[in-house]
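What follows is chain A paired twice: with chain B in the first complex and chain C in the second.
Moving on, here comes the complex of A and B:
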């Protein structure tokens, strides 16, 4: 190796170093440390801790709140992602063709997505308040009564869902719009020549060609909704069993009960669930893309 | 009445661009018509209006005596082959071909029968279960042809279908397309900017320029008697030799001059041309070495192409190219005299190098 080559080699390392340091410090080390803690009886208050084997995991699976949280999370994720997908896709279909003021409409629709979930949670907490919230004020005027959005156990999860859907449908819309606009115009021309009805064009051309991107956005939203915490924290609080998702339960165990060891075990279990779900989605997207392969220009 | 009639067809885009101006054509059933012209001449727009993919802003389209001007593509009975194939990327080859049949509501046995028949015909049976993205460009174009053919439409429309293929595949596909058309007898309108393709395929060629029809004639006529110098130069490889001259009237005597020399010409051909500047054209194969010839020429370059040679000369009338089948022994720098049979000399009034300005209509 010449001196110049050696120099380039060294320079490469210098450039890679910052990324590597960040990755190790912020991802790899915390993950490994979490694994260690999950097998310990460490507490937030500090002090000595020791390994206690798999006891924490046994406790996780025996905990009744864990099962409830899984059901709540599954319900929340399923309803939120489904509604966001439908609303987002329908919005994208209506906003597909160019019209005057389109960019202004798009910007307005995207605002909820850009705001901080914690702040929006607090705002919605005020809007949804049963006594002085503006929503009930309007409902009362129109004679719809006064649903107790934040205290009625049957409505609480629905209230959080409402806000999540309001925030994230625009995201689905954005991705769906990109998917729709990527469908070449000549395919629609070919379909017109082939005498396809509007119904056929939608089901056999628009939807299947958009599907890979829709799945990608469902993947994003699913992994995100699985970790939903800020809205729940701000709207109903982390301890409410009606809205206690896995993340909220984790928060309670770790930062309210100060049980770091048990909390780490919860965190690991949640991580495994998220990775398992994500890899199913990714494998599906992969298959679709490989089949369409080197798609025609 | 002819099978397909275009009458004063016009297309003006919302931005004011006139893509097609006053195009009128009468096409007989079973003809292979090629729209030929440089890009932007309106040939593709004309084709897309025939398909219903663009709505004309004026004029009418009659197909088999039925007014089709305002019909949507699905209401017409045409097959269209797109330049970039436009195959449905998420469907297998067989699904692609079956798509137009399914839209007609045929039962699945019938669909299967027609799909396997047409795919055997165009030679893609081994690809039926592949997706278009897994096929070569040539095979994708075969699938596109099969999809257009399977419904047996009244008319085929093809928009530069060979434009994206490699040179060697183009020839094979060209032959294939023509063979299929002759066999099926379906009237075909084909768009290309490649004059050789047009010559090879067409029963009649529509030469277009600036949104108008320049000439509508058989390939031989377009080649031998081009309507104007631009077409003369565009068609043929090499294009026609062009040079400028002047028609002189001296009493009852009419003759051609170019610079200081008199140009031999058929006196009959001169009778209906006004005196003044003219453009003269001579196909390269009609130029011959001739000791009696009036054109003094100096050899510049010899291209030996196997079947023939192209010899380039500098002459008093400008650069000339001669095509000859016999091997030429002379080398750059050699001088000789060139002659030609006067009946092959083409004469157009006006100086092609300085055409009159076209009056803008927008």
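Moving on, here comes the complex of A and C:
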């Protein structure tokens, strides 16, 4: 190796290492620390702690709140992602053809998703308020009564879902639109020559060709919805049985009940779920990228 | 078909934007008006007449004027929390873009052993739920006196945004033709020189787009901010959340006014990067 090559070798670390060090110090190290804590009886107030083996994990699986939280999270993620996918895809279909002012309409549509979920969640309390909320005012005028969005246990999760769907449907729309616009025109022309029905064209061309990007958007939203915490905090708080997802339960156990050991055990179990999902996701991104790489010269 | 298409679009746009319009109206109301059970629907610049059939409210700028006041339950005014958010957001964005651009250049132009795995390792950090790592970070931060400091959140948001910055910048730098640099390298200039004089000027758009997305996620972040900075260097989302359950009633007009001031930069930035939104929200995995 020449001196210049050696120099280049060293230089490449100058570019890459700072970012990696940052990620390791603030992501990987805490993660490992978390594993240690999960086997301890540490409390947030500090003081000495010791290893207690797998006791925390036994407690996690005995805890009734954990099972409920898994169900609540699954319900929330499934309903949110399904609704957002449907709304987003329908919106993308309406935005497919070019028209005047399309770029402005698109930008307006995307605003809710750029806003802070914690802050918008707080503001939605005003809209959803059972007594003076504008939603109930309108519903009451139209003869639908006054549902108690924020206090009725049957409606609370729905309220959180409503805000999540309001914020994130545009995200699905954006990705679905990219999928639709990438479908080659000539396929539709060929279908028109064959006198294929609108229905056939949709099921045989539009949907299958759009599917890979729709799947990508579903993966993006699923991993995000799994982490949803801000909206739940803002709308019902972390300790509400009706909306206690895994993130909310984690917050309650660790930062309200100060039980770090148990909380870390929860965190590990959640991590296993997230890692399983993320590895599917990452593999998929990899294939999408390879495919793109092949498509472009 | 065309009519159906337009009515769906118009209907959705109305429903989606009404909450934001209502937000603007609320910020122009007085407190009793904001929580009235017969709310005024449209602004009126004249005094409200009791018998005008309701549906109108008198516009007042009071809420904006009171943003400098300190609310019950908070220790500073909105403006001071806003300055914390600005400082933390800007500093962490600058750091994330700088480190991310350098790292992306490294991966784009050097042969790195296991580059593919490293890049996916970087991407995977984005999937970490904040609450799963927040307690170890809290304990570390107590050790280093970083809890309740601006620096603490700046460092955290920098690392939190790095995955996005590296991935986005890698995409942008890959698109810069190598010919310019190769000429400069043959002429004997170093990679550092090449990076600074050739790559950075050509990657400017990419850096601006990346900065906007980093800024937005730092600006809006709540879980870390709530657990790490709750007495000093408190950011706006945490401040707003703390106003809930206020004994004197939630000061809705002031909250609405604050939310608007807090959201305006985000809306402006969204408009500025509208051509790159798809890329930004998908980590550069989809390019248009």
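Heads up, the rule we're going with is that the second predicted complex is superposed on the first by the 276 of 297 C-alpha atoms of A that agree within 3 Å, B and C clash if a C-alpha of one lies under 4 Å from a C-alpha of the other, contacts with A are read in each partner's own complex, and residues count from 1 in each chain.
Throughout what follows, contacts are C-beta pairs under 8 Å (C-beta built on N, C-alpha and C of every residue); 3 or more make two chains touch, one makes a residue touch a chain.
Fair warning: this is a prediction, and the values are worked out from it, not measured in the lab.
Chemist: Using the touch definition from the top, say if A:278 reaches chain B (first), chain C (second), both or neither.
Modeler: A:278 contacts chain C only, not chain B.
Chemist: Comparing chain C with chain B, which touches more residues belonging to chain A?
Modeler: With both complexes superposed on chain A, more residues of chain A are touched by C.
Chemist: Would you check which partner chain A:242 touches, where first means chain B only, second means chain C only, and both and neither mean what they say?
Modeler: neither
Chemist: Could you say whether A:286 touches chain B, chain C, both of them, or neither, answering first, second, both or neither?
Modeler: second
Chemist: May I ask you to decide whether A:254 touches chain B, chain C, both, or neither, giving the answer as first, second, both or neither?
Modeler: Second partner only, chain C.
Chemist: According to the stated criteria, A:200 is in contact with first (chain B), second (chain C), both, or neither; which is it?
Modeler: A:200: touches chain B, not chain C.
Chemist: Could you look at A:74 and tell me whether it touches chain B, chain C, both or neither (first, second, both, neither)?
Modeler: Neither partner.
Chemist: Could you list which residues of chain A make contact with chain B in one structure and with chain C in the other?
Modeler: Touching chain B and chain C on chain A: residues 292.
Chemist: Which of the residues in chain A end up touching chain B in this complex?
Modeler: 184, 186-187, 189-197, 200, 204-205, 208-209, 291-297
Chemist: Please name which positions on chain A make contact with chain C in the complex.
Modeler: 7-8, 11-16, 18-20, 22-23, 25-31, 33-34, 37, 44, 46, 87, 90-91, 93-95, 103, 105-120, 122-127, 129, 131-132, 134, 137, 166, 169-171, 174-175, 178, 213, 216, 220, 223, 226-227, 229-230, 233-234, 247, 250-251, 254-255, 260, 263-264, 267-268, 270-271, 274-275, 277-278, 281-282, 285-286, 288-289, 292
Chemist: Give the list of chain C residues in touch with chain A in this complex.
Modeler: Result: residues 5-6, 8-9, 12-13, 16-17, 19-20, 22-23, 26, 34-39, 99-100, 102-103, 105-107, 110, 112, 118, 120-125, 127-140, 142, 155-156, 158-160, 162-163, 166, 190-192, 195, 216, 219-220, 222-223, 226-227, 236-238, 240-241, 243-244, 250, 252, 255-256, 259, 262-263, 266-267, 269-271, 274, 277-278, 281-283, 285-288 of chain C touch chain A.
Chemist: Taking the touch rule as given, give the residues of chain B at its contact with chain A in the complex, in rising order.
Modeler: 51-53, 72-74, 78-80, 82, 84-91, 99-100, 103-104, 131-134, 140, 147-148, 164
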